Structure formats: structure tokens, C-alpha cells
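Structures for review follow.
Shared between the two complexes below is subunit A, which has subunit B as its partner in the first and subunit C in the second.
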Partner chain A sequence: MAYRKVEVATPLIVKVLPYVSILGFFLVWEIIVRTGIVPDTLLAAPTTVLKTFFVKLYDMDPDGATIVQHAWVSIQEAFTGFALSLVIGIPLGLCMGWFKVVEGLCRPIFELIRPIPPIAWIPLTVFWFGIGLTGKVFIIWIAGIVPCVINSWVGVRMTNPTLIQMARTYGANDWQIFTQLCIPSALPMVFGALQLALTYCWTNLVGAELLAADAGLGYLITMGGRVARPDIIVLGMISIGISGAIIGFVIDKIEKKLLAGIRR
Partner chain B sequence: MKQTHSIANETVDHARTREAWTLKRVLTNTYFLNAVSLIVFLLVWDYVAREHIFHDSLARPWDVVKQIVYLTNHKYAGTNLWGHIWASTRRVLIGFSIASVVAVPLGLFMALNTRVNAAVKPLFDLFKPMPPIAWVTIAVLWFGIGETSKVFIIVIGSFVPCLLNAYNGVRLVDPELYDVIRVLGGSRRDQIFHVCFPASFPAVFAGLQISLSVAWTCVLAAELTSSRTGLGFLIKRGMDTYKPTLVLGGMLLIAAAAWLTSQLVNILEKRLCPWKRHIENL
Partner chain C sequence: MNANEQLLKIRCENISKTFIQKGNQEVPVIRDVNVDVRENEFLVICGPGQCGKSTLLRIIAGLEIPDTGTVLLDGKPVEGPGADRGMVFQSYMLFAWKTVRHNVELGLKLRGVPPKERQEIAQRYIDMVGLQGFENHYPHQLSGGMKQRVGIARAYANAPTVMLLDEPFGQLDAQTRMFMQHEIARIWEQEKRTVIFVTNNIDEALFLADRIVLMEGKLPGTVKTEYKVDLPRPREHISMDLLRLRKVITDNTELVL
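Presenting the complex of A and B:
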């Protein structure tokens, strides 16, 4: 027998440690707040945060909306911006990867805009669009388009050159090589961009809402800061974290499903 | 012989013959296209600003340049332009250094030791999806509006990509490399120092690049919320006093500063790990 299956048992301590560390973390957090090592004006205990969450499900104080409404506003903004950046960014990146003329024309502008943190656009968008939905969608769009363009561009660039040469030998023209060879081979990279773009969108959404908003999870945090209620701040942070994680998980599943036929 | 065409590792060498300057060649020349695109961009910008399409809220490019030059030799809120640039850069550098010094070794250590991994990874996964900007409010609550809160946000923001890349860099090292050094009789120590670290360096540097750009985003967010110096302060002041020249000037300067620091990390990377393969033109 050439190969033998070797089973390595995971030691018990490695199995238990993750639960211990999570539990320990929450316990320490609870204790340092309850015993007053950290005053409760600075940090809220996890149980308080949980209680605030249930209260916020129906109570509109002090920020004028329930937590579900806030989350809904945020998700709406994030997805509009995200979808727009996909629709524009991916075709642009693919074309930039293959057509020299498109690359020559778009690259300087792209390189000019790329290093500007999307948050820096907030004042201009407030001037241009006010503090409504449009402005935030614009910022999220700017944030999401960068990874989309870069990944699809690199994806096309990484096409196996042997395949391109083979296609040329068989008499395919540039357009056929681009649509039938480069785009499919760039797909895994493009899907990698989805996850990345979503993270960027989510981060910058919070930034946009912290600075200029009247609803949304970021706004919930700002209001918590303004009325000095750490439980609301922590609640806002946690809800942003959890909703971001859930969306990321869903996208990951979709990606796996769509990519099932493509060899990585 | 000159490389004229490249996709990934394909390089097609042409024996260059002297070609005539046909119209088509000039029109598809990369530098020509770049120049055209920048000029058109500036002209459109200028036109939109001049015709007040966005009312008064877009400044003409030339006015932005004048504003930047004006700031270099006039004090604005206590210090001139260099003072503001340095204030932001210093925050970024302090936060970024703290984060990378702690996160990179921790990431390497987590990847090498299953017990450390089992203890730290769940906590890290708990904090990972939380955008660093969400910490701005609570940082102000904890540390006031001074330097500490800004550095804290930058540390939080740049910690995650550093650690994640160091961790994945080690885990994705080609297992055959380990086999080779084992066959050659290397100890565990040799495996770590001669295979694991050199092979994961490119990933670590990629992480440093990402965290640097996150650090600039964070410093901007922190300065926009509350500060009295820095480029973010200039942008915020421009917003409050409705001066688009100041906002656009601040944006351009922060882009330049972010670009320069990332070039610095690039140079450092070339020095420290010359074995990394690059994709050309990117």
C-alpha cells in the first residue's frame, strides 16, 4: 500500500480553547464593568447591551428609529452602492485588462482617484447631493469600484498565455479571445473582488453615516456618542459587525455555488 | 530586443524594426492615450466648475493649486500646510508601526502554534467584521479628542489586515518546501527560519500595504470627526466654511501622502524580499 491514511487526533485542549477564550472574553468584559474597574459611563456590560437591543426593537428613543429601521437603511445604501460598483467596475476592469486603448485612457484617472480614501469624498457629496441616500450611495460606489476594477483587470492579465497563443493559432480574433477565454478565466478573481468590495463598502458606509446621515447603523453610533450612552454605541458597533458578517457569509455561499464548475 | 507585450509571465520579444509614424501608431501609443485622458479629465473638471453645474461647490483645478500654494506659506489654524501634512503622517506612522509590530509576529505565531491559534482566532474573528471607523465614537469617549484616540483607531484598523495576511501567508506556504528541508535534515527551527518566514514575507508585505491604506482612511475619519490639525481637519474646515478649494486641495494632498507612504513600503519590500515575483504593469 503506497499511501496510508494517518489520522491525527486533535488534542482536547485545542478543541476546548476557542470556547474558553470567547467565554472568558465576555466574562472579563462583564466583570470589569460590573465591579466598576471601567466606569459604566465609558463601557456597557454585555448584558446591558443585550437588554438595550431588545428595547431598541420597539423603542425609538433617542435616535428616532428602531434598530431594524436603522439596519434596513444601511443595507439599502450598501447594496445600491455595491451593485452599481459591480455593474460599472467589473466590465471596466475586464476591458482595461485586454484593450490597450481602454487601459491607456482610463488608467491615469483611475490611479489619480484610487489613493483618495472614499471618506474624503464626504464633504463634496454633501455639497452636491445633500445628506440623503444619493450622497452615501456615491461614496459606497467609489469605495467598491476600486477592488472590482483591480481584480478583474488582474484576472484578465493572469490568463494562461499558452491558451491565448493556442486560440490565436486556431484563428480566433481578439474579441473572441477576450469574450471566450479571458473573461471565463478571470471569473475567480472577479468573484474574489465581490467579497473585498463588500468589506470596503460596509466600512465606508459606516464612515459616511458617522459624518453625514439622519438614519442608519452608523448614525445610531453617533447618537449614542452624543447622548453619552455607551450601551447604544456598543450595540451599534456589534450590529454593524454582525450584519457585515452575515452578508459576507451569504456572498461567500453564492460565490461557491457559481464557481462550482470552474477549476480554481 | 525589447519587451513589447506581456500578460502574466508571457513576454513576447520582437526584433524591433523601424516602423513608420503612422496615424494609428500614434493614436494607440500608451503615453499619448494617458496624456489625452488626463487633459480631457482636467478640461471636463474645469468646464463643470466654470459653468457652475454643481452650483458653486466644485472648484476649478487652477484655483485648487493656488489654494495649496497659498497654504504652504500662510498659517491656517495655527500651522502651515507642512504642519498639517506632518500631523496626519505622524499619526499614521505611529499607529501603523504599533499595529504591524504587534500583529505580524502574532499572526506568524498563530499560524505556527495550534494552541495560540485556538485561543486567539475566535476573539479575532469576533472583532474582524467590525469596521475600524465604527470605533471612532467610542475611542473619543475613552480617550478624548487628543492624539491617543486617533492612534487607537489607526491601530485597530491596521491590525486586522496585518495579522490576517501574516497568518494566511504562513498557512499557504507550499508544503513541498517543508518536505524538501525535512529531507535535507532540517530541524523545526530551520523549517521556521529558512522556509516559513521567507516564503510568507510577500504575503506579510501585501498585508502591510493594505493596512497602510486602511490607516489613511482611519486617520481621515478620526480627523473629520474631531481634530484641530491634519489634512482631515483641512477638509472638514473646507466643508464647514463651504470652501470647495480647501476640500479638493485636502483630498489631493491626502492622496499624494497615501501614495508616497505606500511607495515607501514598496521600496522596503524590494529591499527585504527580492524573491517576490511581480505582475508587470500593476
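Presenting the complex of A and C:
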């Protein structure tokens, strides 16, 4: 007797639900602004935001730059801070996981700094670096380094102890165990940190720009507020959301590709 | 029997070990264990669960330090793990991110053997355990029996004088286990080493051993007695002589729950 393939079909209604949801959301939004339930001085309708987006592609008013220029400034800041937090945070975390001296020295300071929200550093960074790129990179670096350190540290600490004993029976010394066993087995955790650190960096970038900046997507929102243009505010918010989602998606793809060789 | 086989390789003298659990609770694991192992002998340490047989093996490997007694290897006390003793683990313990070849090369790489030479040595032992064609596979692509072949090849490639096998076939299904017993017997005939093999399976012990050390008891375990298995090789699991000895041993084994 032949086997019959059992197909569990997803009902059409379930498939279309996400589209219904997103369309409905914008439709309701449009209606409440157009009908005046919420006046357009308080909230811009989606179609207005879309129109502002096309205008802002070339028009520098009222905030001094086009949307692409703002996005570019933000991306530069975010990636510089992100890269620096990886370069410093990951080696530091890995060393903290293996070398008791490093852990003993760095952990108390790290635990002290960790609970301070990165944006609490803003006034000091304005003193130190002004409102240019450096200050914001510093804030983003503080935000990104926390998950990098924690994940790398925990990743090394979670190395299978029997695997370490196995390496010892083959005559491996501490340094060989660290570099050839602990680091490779911590890699999945370290890659997990990339995604997390990027989210932290991106959200704190906006925070930093809201308070101290002369360009960037966060600055666009601030300016929209100052000139009472809800369409610019919403445009800035949506731009941050969409570019954050795109960057996250790209990192996820890269991570999957790199991790393919380290499958358990 | 030639004189070489009479040479003393390992002597365990009055080994006792107590683990400390949850702060101050003492758990005695083995007490007053004396075992001698001769050069190129296939010694099987057999006993039920929690009789301390694995702990004894780990003490010989240098992974645990005994509370009393010493382990002498070639007359010198064991003070820690070393490349002269190769260990095969029940749960394989392969590097998931390395291919079969690179796993087998582990010990050689750690000792700084040049790449070309270590590839030749690794290939020889990959062939010996019958994994030719799988050199570039990753552990997750292999079956349990194949993973343990990698573990065995890795240990042999490091050229230890003593092989320590800790229930190496404990995670395999019954057929694969029987097949691997034939394989380990063949490999041992081909590359004579001093082997200490820990198992809870009397049939496995009888099939492989020159001598069986029977352990008993539970927390702490002790050595009950020894059996010399003077049967010709290759052996059959169902030969009359083997089954006769099996009855003697099982009659001497109490079930402790």
C-alpha cells in the first residue's frame, strides 16, 4: 500500500493575516488623521509622511540635510561604535572567561559601569568631545560593549569541562586550551552578542542624537519637534525602525553563514 | 609467553578517593585499591555502576588526585595528565568544529608536529580504524560508532604507551557495540599497547581481556577479585570456555541496588 503524504494546509485566512494587520494599521491611522479625530498638528497621516520622505530626498529644509545624509551620519556613528565595542569587548570578555586575574581585575569595574544607562554619559561626553562624531561613538561604544563582554565571558565559561580534561590528557597547556578549545566553543555565544550589541548600539544612537547632535536621524526627530512638523518626526521614527530592521537582517544572514561550520 | 609481557607497566598502590559534595558531605568513591598492569596487557576493569571504576581510571589518567596511595607509571609517580596516556571517553569528546582529520591530529598539533608529518600519521590511524573516505567529515555527520572510531584514532595517533578507555562503547547500540569490540581487539593485536578498559558489561570484558579486575561495592567500591582470561584470540562471544568463565564471574557478582 502506498503511503499518502499528509499535508497540513495553513488556512488562507491565517496566511493573509499579517498583511491585513499592517494594512489595517495604516488605514486606521490615515482615517483618524484625515477625519480630524486626531488633528494633523499632533500626528501626520501615513500619506503625508510618504510625501515628506520624497521631498526630503533632495530638500534640506528645515533641518539642514537630506534624509539620506541624516541616515548616513547615523550609520557611520553606529558602525564605528559597534566595531569598537566588538574589537575591545570580545577579547576582553574571552580573557575574563579564562584568566582568573583578568576576571578579578575587570569584573568589579564592569559590574559597576554596566547598570548605568549609556545615555547617562551624554552630559560628560558633551564636555569631553563636544557634539561631533566622537562623543556619540563613545556612547554607542559603551552601549555595545556590555553584551560583547558578557556573551564572550559566559561562552568561555560554558566550555564543556570534560572537553578541557580531554585536551589536558593530550598534553595541552592553558594557552592552547584557551585558544584552540575555549574560543571556538564560545563562538556561537559571541555571534549572539553581535545581534544584541547592534540593537543596543542603534537604540542608544538615537538617544545620543536626540540630546547632542547637528545631524543624524535622531537629530531629524528633534528638529521636527522644534519646528512643529509631526510628519518629519514620524518620518525620522520610521527611518530608524526600517534601517535598524535592515541592518539586523543583514547581520543575521552573516551570522548564519559564519556559524554554518560550527554546527553542534 | 615472552618476558616483555611480564614487565610491570602500572602499579596502583592503596588508592582511596573521597569526593566532597555540597560543602562538607564526604562521599567515599574507592577504598584501598591495588592493581598492577603489565606491559602490553589488555586489562579490563569490570563492575556495576558507581563502583568507582571510572574514578580509578581517571586517577590513572591524572585527572583526579587520590587521597591516599600512588599510581606508578614505569616506576615514576603520576602527578597529572600527560600525553603518555591516551584516553578515550564514553561521550567521544570530539571538537564539533573540526573535521575527522583535524580531530585525529589534535595531539600531534599540540606537540608542534609539522603539518605534513601529522597528516601522514593521522591518515595511518584513520585507515586503521576504518574511516578512510570520512577524513573531511564533521562529527555531526557521523554515527556514534564512527565518532568513537575517531576518538580511538585520535588517542592512538598521539603515540601513548598506555590506552585508557572509559566505557567507550556505552552509548552504542548492541550490534554496533559487538562490532566495535571486534574492532578494538583487532586494533590491539595490530598495535600492541598497554590497555586499561573500563566496562560494566561482563561479556565485553570476557571478549577483550587478558585479565579482568572485578570491582564491587558502592561508595566506596573495592577490588573484589581478578580473573585471568587465558583464551585464544580471536574469541567468540559464545564459545563454551568463555561462557563457563562467564558463569563463574556472574556467580561471584552480587546485585547491589
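Note that in this section the second predicted complex is superposed on the first by the 257 of 264 C-alpha atoms of A that agree within 3 Å, B and C clash if a C-alpha of one lies under 4 Å from a C-alpha of the other, contacts with A are read in each partner's own complex, and residues count from 1 in each chain.
FYI, a residue touches a chain if its C-beta (ideal position, glycine included) is under 8 Å from a C-beta of that chain, and two chains touch if they have at least 3 such contacts.
In this text the structure is predicted, and so the values were computed from the model without any measurement.
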Subunit A contact check, subunit B vs subunit C, more residues touched by chain B
Report for A:55: first if it touches subunit B alone, second if subunit C alone, otherwise both or neither.
-> neither
Request  = Answer with first, second, both or neither: which of subunit B and subunit C does A:251 touch in the superposed model?
outcome  = neither
Does the superposition put A:168 against subunit B (first), subunit C (second), both, or neither?
-> second
Message: Once chain A of both complexes is superposed, is A:176 in touch with subunit B (first), subunit C (second), both, or neither?
response: second
Using the superposition on chain A described above, determine whether A:133 touches subunit B (first), subunit C (second), both, or neither. neither
_Partner chain(s) touched by A:88 [first = subunit B, second = subunit C, both, neither]_ = neither
Residues on subunit A touched by both subunit B and subunit C 160, 165
So, in the complex, the side of subunit A touching subunit B is made of residues 13-15, 17-22, 25, 42-43, 100-101, 103-109, 112, 115-124, 126-128, 150, 153-154, 157-161, 164-165, 202-204, 206-207, 210-211, 218, 221-222, 224-225, 228, 230, 233-234, 236-238, 240-242, 244-245, 248
Seen from subunit A, its contact residues with subunit C in the complex are 160, 162-163, 165-172, 176, 180-181, 184-185, 187, 261-264
Subunit C residues touching subunit A in their complex are 61-63, 80-83, 85-87, 89, 91, 93, 95-97, 106-107, 110-111, 138, 140, 158
Per the touch rule, the subunit B residues reaching subunit A in their complex are 7-10, 28-30, 32-34, 36-38, 41, 54-55, 57-58, 114-115, 118-123, 126-127, 129-138, 140-142, 213, 216-217, 220-221, 224-225, 232, 235-236, 238-239, 242, 244, 247-248, 250-252, 254-256, 258-259, 262, 279, 281-282
